[in-house]
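Below you'll find the structures, each written out as structure tokens.
Common to both upcoming complexes is chain A, partnered first by chain B, then by chain C.
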Partner chain A sequence: MYDMKALYEAESVQHAIQLLIEHPEAQIIAGGSDVLVQMREGKRAGKELISIYMIDEMRGISYEEDGAIRIGSLTSFSHITKDPIIKEHINVLGEAVDMVGGPQIRNIGTIGGNTCNGVTSADSASTLHAWDAVVEITGPEGVRRIPIHEFYIKAGVVDLKPGEIQTAIIIPKKSYEGYKGHYIKYAMRNAMDIATTGCSVNVKLSEDKKTIEDVRIAYGVAGPVPMRAPSAEETAKGKPVSKETVKVFAKAVLEDINPRDSWRASKAFRQHIAVVLAERALKESIRLAGGEVDE
Partner chain B sequence: MYVGKKVTRVDAYDKAIGRTKYTDDLCDKGAYIAQILHSTIAHGKVVSIYTSEAEKIPGVIKVLTCFDLEEKHYFPTAGHPWSTDPSHQDVADRLLLTDEVKFYGDDIAAVVAEDEVAAAQALRAIKVEYEEYPFVLDVQEAMKDGAPQLHKDYPNNILKHTTINKGNYAEAIKEPGLTKVEGWYETPVVQHCHIENFICTAEMEGDRITITASTQIPHIVRRVVGQALGIDWGRVRIIKPYIGGGFGNKQDVLYEPLCAWLCMQVGGHLVKLDVPREDTFVSNRTRHSIRSHIISWVRPDGTFAARKLEAFSDQGAYASHGHSIVAKGAGAFPQLYPCDNVEVDAYTVFTNKSVAGAMRGYGIPQAMWAVESHTEEVAAKMGMDPIEFRRQNLMPVGYTDPFSKNEMYYDTFNQCLDKAMAEIDYERKYKEYQNQTGDIRRGIGVSVFWYNTAVWPISLETSSCRMVLNQDGSLQVQVGETEIGQGADTAYAQMAADVIGVPMDKVHVVSCQDTDVTPFGTGAYASRQTYTAGFSIRQTGLLLKERILEYAHELTRMPSYNLDIIDGEIVRVTDNRVMMTLGELATEALYSLTNSKHLTAESTAQIKSNAYSFGCTIAEVEVDIPMCKVKLLDIVNAHDAGKLINPALAEAQVHGGMSMGIGYGLSEKLIFDEKTGRALNNNLLDYKLSTFMDHPRLKAVFVENEEPTSAFGTKALGEPPACSVAPAIRNAVYQATGVGVNEAPVNPHNLFKRFVEEGLF
Partner chain C sequence: MSNQYKLVSCIINGKKVEKMVDVRASLTDMLRDDYRLTSVKKGCEVGECGACNVIIDGECFNSCIYLAVWAEGKEILTLEGLAGPNGEISDIQQAFIDEAAVQCGFCSPGFIMSAVEILEAKREFSDDEIRKLLSGHLCRCTGYENIFRAVKKTMLRRLGKDAEADLV
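After this line comes the complex of A and B, so read on.
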């Protein structure tokens, strides 16, 4: 039994926007795997809910005209993992969201909900950051698109103005073409867990696979919101594929990240793991891109 | 014969299709909902509670606080048999609701409402004022002079201190040429995490109160409810339906008395109290965290000259099962590796933490963590093989404990070690994993364990059984020992079928227990159900059989000693002629116009024995050093639980215990905030109960040495599987890395700390 004041069922994106304007205090609910848990804990008790779960136009994965990959915000984790477009171009995203919770959560949980929560530990978030994803937001004024790192304002807060909902996440063609990536979720057990730290890396290698043309790395739980590690990226761009490059890259992440001490893990431990993850995720990304790091 | 066979569980079908009824399934939908307000300080006094806002909420029936108790009946909660000797009775230190807060999560008020939403809103609307006292969370800090005091009758917070002295430790350590090995070992606070949280309902009829509860101990609950409410025990009726796990948490009286009291405050209306998971962690019971200090003095030949153990058991805020837990481990210490000169000091100490009670293994998982981590260090320091060192020093055949009279009848340890080693290919792996380098290394480790069955001679051991013959020759069987998911009903049906001589499908074990009708018994604990119930089932079965054959004699004129019951038929044994079916006999007996008899039997067996139940675990791991992670590759438990009544159920029991041991060894720990005393991870996300994905295939092997004290040759298997898993994993990590982690669990936090200390990074 949940303590909700009212539940409004949106039938379309426009209807959802209208409901949001009519009920400015209402909480949007999609799969409910976060909202209902918070409601049970008393945090959102007594609230009005606007369900967007039945809006099928917000579901599914397709190409846009310019070749960008469009992921509807209501697409479930399990659908992302099994989608052929994702498997072909950005398989790492499918792998990352396959590490969320357990099978039931992955069937009900959506990528839109995962990002709109604004939590740093979301398994999709570091990979979306590492692939320069763009967030599509629809509101009373129409549609706007912003880079994902601008979407996250601070812990638990994202850039959604009154009446707005997130309708899609887009991976531009230049962000994915020629890149291969790897995500490592570091958690305390192998299922049903949130990340202690998550690290997503991707690379674009030169044609002869000897040089790193581009590299991107992003973390979850290395700061209050998911973040890139620009200093580390700079150390490896244009550098030869080598053990040395990987080492320097991995160490450099410490200049960028800012994990905190908490009962969940100490700062020293998180920093240590962040370096190990950077090294291993880069090595694996290079391998997936056809390169080889000499041991 | 059914004993010894892999018979399908009697409740398998109903459980598989979801037809079994648990407490909540039986509760009428019109029940009022009770919820408890817990303290948000760790130590202090409730000055006032403001309930007026809560009372205004629609649907709220009543708000009751610690100030509404008319009389203060302090009561004990431990699921121990009552002692008629006041000096052996459990400590009575709980109230239904208290104004003297002793831990963060203590029970101070309760709400009764029409539904869950109104109850939750009411809890949030209650305002409490406290007078706060300083609090203490560490067991040894709590013992210091000047530490915050929890209970006025227990100076320095020491609930109890016991010692064992054998030989002369102080003299023995003077022997020349001894090597001293010393270590500190610590186990965490963990919780049972049974799938069904504790739940109970209460309603009145006349002046009697009926409580349906998810409990392991219905007859004990009846007594404690009577004590807590100050009413006659006979006015209380406890019903125990199927339960979704207990593991010792439900071997305590939890909220049955409070639920009964709340019911009485609302005119006897049905009240349901369903504890949320978060409260189950904090305000039910936990496993005692025990810090142990062991010193061994070892001769060059690898024998022990003298040993010493100091153990500090963290009781939390109230006495519950108290000192019995650490005392059990302390008692095992001089027995497992016998030594002529032993000193043991065991302390149980109050702290301002959640209350520790019974949990599967009852102090032995903690003791084995300390003892078997230490044994590994001794073997390493002496340059001896860990298996050979154990074989040389373990309890030998013929060893008899002077107190319990338990005897080591067989070469159990060697047999179990041999079987486990063969199963996991130990010798090859151990050799292969010596002296590795690199980031990723493998190791294999062993731990043995000591356990015993039942509680004699410390406590009462009794079992009562009733058998009733139906018209068709089938029978109803009732015992006071409870089915709590372990499969006890199936074992009872197998035993009863064999004793009487009927097909198993003719035996109906009454699973739901009701203290109004179920024969007296103290419930499920101490791995005693099969052992203890076996005596009364055999005794009662023989009694009933005698009556049946007596009646058969009257019908057939054959001497009863020439008759037997075989497979549900009355057989003349001299020529194996079938005289009649048992059904024909029973029909005649019940409906006879000349000699009508209801053939039944009921008897109590008092058990004045106990039995050792030993075994071991071998675990194989892969350690990723930079990642500070342990992957469990393979694991085997070997047990000598005597004759197995049902090998399939025995295997399942071992798997469950191993799973619990894996969490204990690798991931589980309830964490308390140093600043507030609040539990920080009291939910199944943040508390790292291990999952299916953290388990390799679990292997169980058995040595079936028939236990001579037992009615069916069997002995403890409920708790033993959880006793040696964690130290075996710890010792495997030790072989892989050369780093011993003496603070459980061997999780990434503790590995990181140890790897930094040992300079691995």
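After this line comes the complex of A and C, so read on.
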């Protein structure tokens, strides 16, 4: 038995909003792989829960009218990995969420929960930042959409106002068309571990594959929330595909990131890893995009 | 809290069932206490060890971090559901015995249910893929190699590759 005060089950998005207004102290539970564990640990013991897990309208991946990819917030990690739309356009997102926990966790864990808990180590978050994802939030006043980097306010806090729930994550067409990316999770174990640092990179190459037209890089656990490394991106935009470009790019991430000492790893180690991961992830992204880095 | 109960209807091991369930219950609680399906083990109870693993609508879930009320309308399979009409054990269970993939046995039901999901895919997985698909379970006795062999052999046998299975 879980130590909960009460459980309210939402049957639709509108019902969930109504329940949130009626019970402002209640905690939303999606898949529960964080909330129920925290409840078991005592951190959220005695709380009221609003379950949105049974709202099937919040599941699935589809195209919007303008070609944007819409991922319902309750879509599980394993369904994202298996989805044909994701495989075709943002395979790296499927690969990134395939590194969360273990198989059973990936069947219950949702992309909405992974982002709404606001932790920097979420395996989906760095890739979503690196692809300029947009978060759809539905509340009593209707639907609003904000860039994912604005959604994260600080560690553990996201931009959800009273009565609001996250209903989808959207990748606009201009963010994915022509890009190829790669994610590397650095952790102590291959399964059931949290990233020491995670790095997601993607590139768009020129037609002849010789020039980097655009490059985007984002980190998890390089600061209190997932973050982009804009200085690094600037060094490589418009530059030739070369070993030199990759080296300069990777070094420049240190100007942007701000990792801390924790029991998992020291700041110095994380900085070192961040540079190595940037280099490897960019090289692999270039390879996936059809380019070649001379060795 | 004041007691809060809900009627939960679902299919468990092929049988349609219905019971009033405490909303605070995990699916592990419901399966063990209300349906006496004690193959579903209480291990870590925080979704890390996989001892409580069951199959819901064809996918594996740690039932300890799954609310019992979410079982509404679902089809659940536990280790008990693998038994044949006269209580015979299944090929994967026999393989666990033959390969000495069981020592204390606490992790076995969870492991076997993940193996069932692998076998139901009806395709050949690489060694790395099998290891990854089994990675949501902890076993403190066997060192995993015998479990891996039991799963791989059964997979190959079900695909008609008996000769290859004998070499594993």
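Quick note on the criterion: the second predicted complex is superposed on the first by the 295 of 295 C-alpha atoms of A that agree within 3 Å, B and C clash if a C-alpha of one lies under 4 Å from a C-alpha of the other, contacts with A are read in each partner's own complex, and residues count from 1 in each chain.
One rule holds for everything that comes next: a residue touches a chain if its C-beta (ideal position, glycine included) is under 8 Å from a C-beta of that chain, and two chains touch if they have at least 3 such contacts.
Just so it is clear, the structure is predicted and the values come from calculations on it, not from any experiment.
A.B. asks: Regarding the shared-chain residue A:143, is it in contact with chain B (first), chain C (second), both, or neither?
C.D. replies: It touches nothing on chain B or chain C.
A.B. asks: For A:264, decide between first (touching chain B), second (touching chain C), both and neither.
C.D. replies: Once the two structures are laid over each other on A, A:264 reaches chain B alone.
A.B. asks: Thinking of the overlay built on chain A, is A:103 touched by chain B (first), by chain C (second), by both, or by neither?
C.D. replies: second
A.B. asks: Using the superposition on chain A described above, determine whether A:1 touches chain B (first), chain C (second), both, or neither.
C.D. replies: In the superposition, A:1 contacts both chain B and chain C.
A.B. asks: Mind working out whether A:153 is in touch with chain B, chain C, both or neither, as first, second, both or neither?
C.D. replies: neither
A.B. asks: Regarding the shared-chain residue A:191, is it in contact with chain B (first), chain C (second), both, or neither?
C.D. replies: both
A.B. asks: In the superposed arrangement, which partner chain does A:273 touch: chain B (first), chain C (second), both, or neither?
C.D. replies: So A:273 only meets chain B here.
A.B. asks: Pick one for A:33: touches chain B only (first), chain C only (second), both, or neither.
C.D. replies: second
A.B. asks: Have a look at where A:21 lands relative to chain B and chain C in the superposition and call it first, second, both or neither.
C.D. replies: neither
A.B. asks: Going by the contact definition given at the top, which residues of chain A touch chain B in one complex and chain C in the other?
C.D. replies: Looking at chain A, the two contact sets intersect at 1-3, 190-192.
A.B. asks: So in the complex, the part of chain A that touches chain B is made up of which residues?
C.D. replies: 1-3, 42, 45-46, 186, 188-194, 196, 263-266, 268-269, 272-273, 276
A.B. asks: In their complex, what parts of chain A are in touch with chain C?
C.D. replies: Of all residues in chain A, those touching chain C are 1-7, 9, 29, 32-33, 36-37, 40-41, 51, 53-54, 78, 101-105, 107-108, 190-192.
A.B. asks: Would you pull the chain B residues touching chain A in the complex into a rising list?
C.D. replies: Where chain B meets chain A, its residues are 115-117, 120-121, 124, 626-628, 667, 671, 673, 680-681, 684-686, 688, 690-694, 747-749, 752, 756, 761.
A.B. asks: Going by the contact rule at the top, pick out the chain C residues touching chain A in the complex.
C.D. replies: For chain C paired with chain A, touching residues are 1, 4, 22-26, 29, 45-48, 50, 53, 59-62, 65-67, 69-70, 72, 114, 132-137.
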